[in-house]
Amino acid sequence: MLQVLIQGLLLSGLYALIAVGFTLIFSVGRVLNLAYGAYLLIGGYVYFHFAQTLGLPKFAGVALAGIFGCAMGVLKYQLLVKPLKGNHVAIEISSLILAVFLQYAVVFAFGDSSKILLPIIPGVERVAGAAIPYSNLFAAIASWIILIALWAYVRFTHMGRAMQAVSMDAKGAAISGIDANRVNMTTWAISGTLGAIAGVFFASYTQLYPGMWVAPLIVAVAVVIVGGIGSIMGTLLVAHIIGFLEVLTSSLIAPELRGVFTMVLIIAILVLRPQGLLGREEL
Amino acid sequence: MSAALDIKGLVKRFGGLVATNEVSFSVKPGESVGLIGPNGAGKTTIFSQIMGELRQDAGHIALDGTDISHLPTPRRIRAGVSRTYQVPRPFSDMSVAENIRVGLMPDSIWQMIRYGPNHDRESELALSVGLTKEQLQRQPSELSMGDLRKLEMARTLATAPRLMLLDEVFAGLTVNEIAIMSSLVQSMRDDGMTFLIVSHDLKALEPLIDRAIAIDQGRLIADGSYAEVIADADVRASYLGAA
Amino acid sequence: MGLRWYHYVLWAAFIGGMFVLPEFVSRGTLRTLIFANFLAIFAISWDALSGRTGYISFGHTFLIGIGAYTTAILTKRFGVPVEVSIPLAVIATMIGGLIVLLPALRIRGSYFALVTLAMMELIYQLVQVIRPDLTGGTRGMSGLPTLTRGAANGYYMSVSLMLAIALSTWLLMRTRLGTALWAIGMNEDAVAGSGLSPTRLKMIAFLTSAFIAGLGGAVYIHYLGSIAPRALFDINFVFTIIVAALIGGAGTIVGPIIGAFFLTFLLEYLRPWLPGAERYMVYAGLALILYMVQPKGLASLVTDAAARLRRAP
């Protein structure tokens, strides 16, 4: 029982971090970034390359992953989202193509087989018969710190408040002199950074392999759909629902089914309550 | 004889804003009624509720004595009401003829497949609103605002309505185009069409209507002959307040 | 349906050309052509729903999968003859798809894409655990009855099916139904405002799409003689289908066919240089550039040129 609780908490923290970068883009830019999973993928491999293959310090690896993710977010906004000017179908489709491109770019550079990431912090703590790797503990704590920092950023900085304004009412924000282009680009940069760092943690939880972008994308999508958009608190709450659902399913029913309830939840919510559990302005 | 359109106690809220506040009025068959009010008064919102594009929070809408308050939009159109939009929104990649074709389509999917388009009817409709034969193959992006409004009219007419709701038909038109549009409405009135017309251009509106209804901030403030309504103190105040 | 003389000529030339093709190519090329034919069928199926109405389906392999698994289970586990199991598979696809996706069709825009994406992952996970004695679990099934022997026969079968589907879909989409579906892609509210029920139209598009997907999936499985869940419910498989339809030109019938052949041969010709899965990198990169440059696809390059010729005096 305690084991489920601890595992659920750790996984949920990570899921919240994964989802928050995705919801950020969705609420500010109204874009479903189907290439979001690819940030995690690239983040994981950048860390692997620098920290494990080249043997740089681990924290430098994480930082480099973040920098790569940030660059990817900005590039994607400049080269793909901006030229397609609000054509949502086109942005979604090209994002998907981009994700597949990146997946095979990774295959090209690192090969098809999956890699094991060495734990960021080695060692295991035993709590009530459950083995908790320090690495997972670290990932969860880091996720929480990042989430709180993000919350403070959105709340208290000028740029953060501009983001809020754009997400509530893009036209109104433009009228009151907010530079939507800069806000959007900043959002894409933050989203990319968060995604890539989440990728390092996610890969150390599971495995590093070229197809690993789909599962986190679905988690992020589920959080958006169930929780509605725009609120960091809603993201946190739903990330915990999904995290605990998965841990419970895999420990009580069958490990292979761990994702099933997430999917059922997405489908049921969309069909029965299209405005989301916690409400959503736009549909 | 039951009214062509009968609205009772219509209410629509957007969050805290009451866009339609207990509005009731009716339109007799063959009558033409002007719906006036300052910007944001709630005119378009009433149209959207009549068409079922927005659901009312309370109240009833009846067409020729039949309650249509809960029918989906397509069923209301089949029941004989149709509207134009303040901002014309044609099918952007289709030619003028194809745009009209969509309006002419039958309800039954089988008939849609079985029988080809009625090109004669398409060009007849286009000509009747003042579009030319050559314009039938044009794309909407090649049309002027005046011609786009004509296309809106043609698409609306294609669904064979008995009651037409016209939203700002004169906006963005030249003096010449306004004259053409007016005579078009006049001739349809002569043929017995029932109208509910929204317009800010009161001069152009006046000759087209039998009666006027004024609303402000979602509430109906006057209902009577054009002269009565325009002389009404509340109406004058609302327009002045808006200006 | 407004058929003109050149329509007959072009279709006759296309069909004739496809049928004499085996005389001129090697057996290896023939096998590539077979895969191109099946990909074209799936792309036409996707296009009948998504290309026209703009409702992007990421779950199309779900439909193909129902068709494929139904006939595989019926023939392998219950000894049902192929002539019976394939029509049953098509019916199962239409019904199964309808039950699952009918509620989804009420959902607007992007969210439809998300439901279908979730649906695909869900089915993939379920196939492996529910009744593995029937489905063969993760390993799938092999030794299914095959419809043809030899590359030439396989080619004739696949090309006949592809052409029959292409021609009938082309004819169907030339009717006013096609116009109405296309209108949904542009402005769904205005379609409702013309007195047509978008939900009903989408359902018809969906059933057409499911019919083609179920038929294609079932026949494909009996061409391969085996079935594996990871190959079917793979995001890359959906991706290939979508990209084929898009780079060919969504909302047309020739587009998906052009796209399917282009992609299949591109992947085949890349093989000597890039033997592994990296080939997909080149093809995704190319697809991305093509899509950004011309979202209407390769087919529009042809039609634009034709239109320019016609307009020139």
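A, B and C are the chain letters, set down in written order, and residue numbers restart from 1 in every chain.
We take it that a residue touches a chain if its C-beta (ideal position, glycine included) is under 8 Å from a C-beta of that chain, and two chains touch if they have at least 3 such contacts.
Because the structure is predicted, anything quoted here is derived from the model rather than measured.
*Asks:* Can you list every chain that touches chain B and also touches chain C?
*Replies:* none
*Asks:* By C-alpha centroid distance to the whole-protein centroid, which chain wins?
*Replies:* Chain C is the most central one.
*Asks:* Centre-to-centre on C-alpha atoms, which chain is most distant from chain A?
*Replies:* B
*Asks:* What is the distance, in whole Å, between the centres of chain B and chain C, each centre taken as the mean of its C-alpha atoms?
*Replies:* Using C-alpha averages as centres, the distance is 42 Å.
*Asks:* In whole angstrom, how far does the Cα centroid of chain A sit from the Cα centroid of chain B?
*Replies:* Spacing between the chain centres: roughly 47 Å.
*Asks:* Which integer distance in Å separates the CA centroid of chain A from that of chain C?
*Replies:* A distance of 32 Å separates the two centres.
*Asks:* Can you list the residues on chain C that touch chain B in the complex?
*Replies:* 1-2, 172, 175-177, 179-180, 182-183, 186-187, 189-197, 200-201, 204
*Asks:* Note which residues of chain A are touching chain C in the complex, please.
*Replies:* 32, 80, 83-84, 88-90, 92-94, 96-98, 100-101, 103-105, 107-108, 112, 210-211, 214, 218, 221-222, 225, 254, 256-257, 259-260, 263-264, 266-267, 270-271, 274, 283
*Asks:* Sort out for me which residues of chain B touch chain C in the complex.
*Replies:* On the chain B side, the touching residues are 51, 53, 72-74, 77-78, 82-83, 89-94, 98, 101-103, 105, 107, 109, 112-113, 115-117, 155, 158-159.
*Asks:* Given the complex with chain A, which residues does chain C contribute to the contact?
*Replies:* Where chain C meets chain A, its residues are 54, 56, 58, 103-104, 106-111, 113-115, 117-119, 121-122, 125-126, 128-129, 235-236, 239, 242-243, 246, 274, 276-281, 284-285, 287-288, 291-292, 295.
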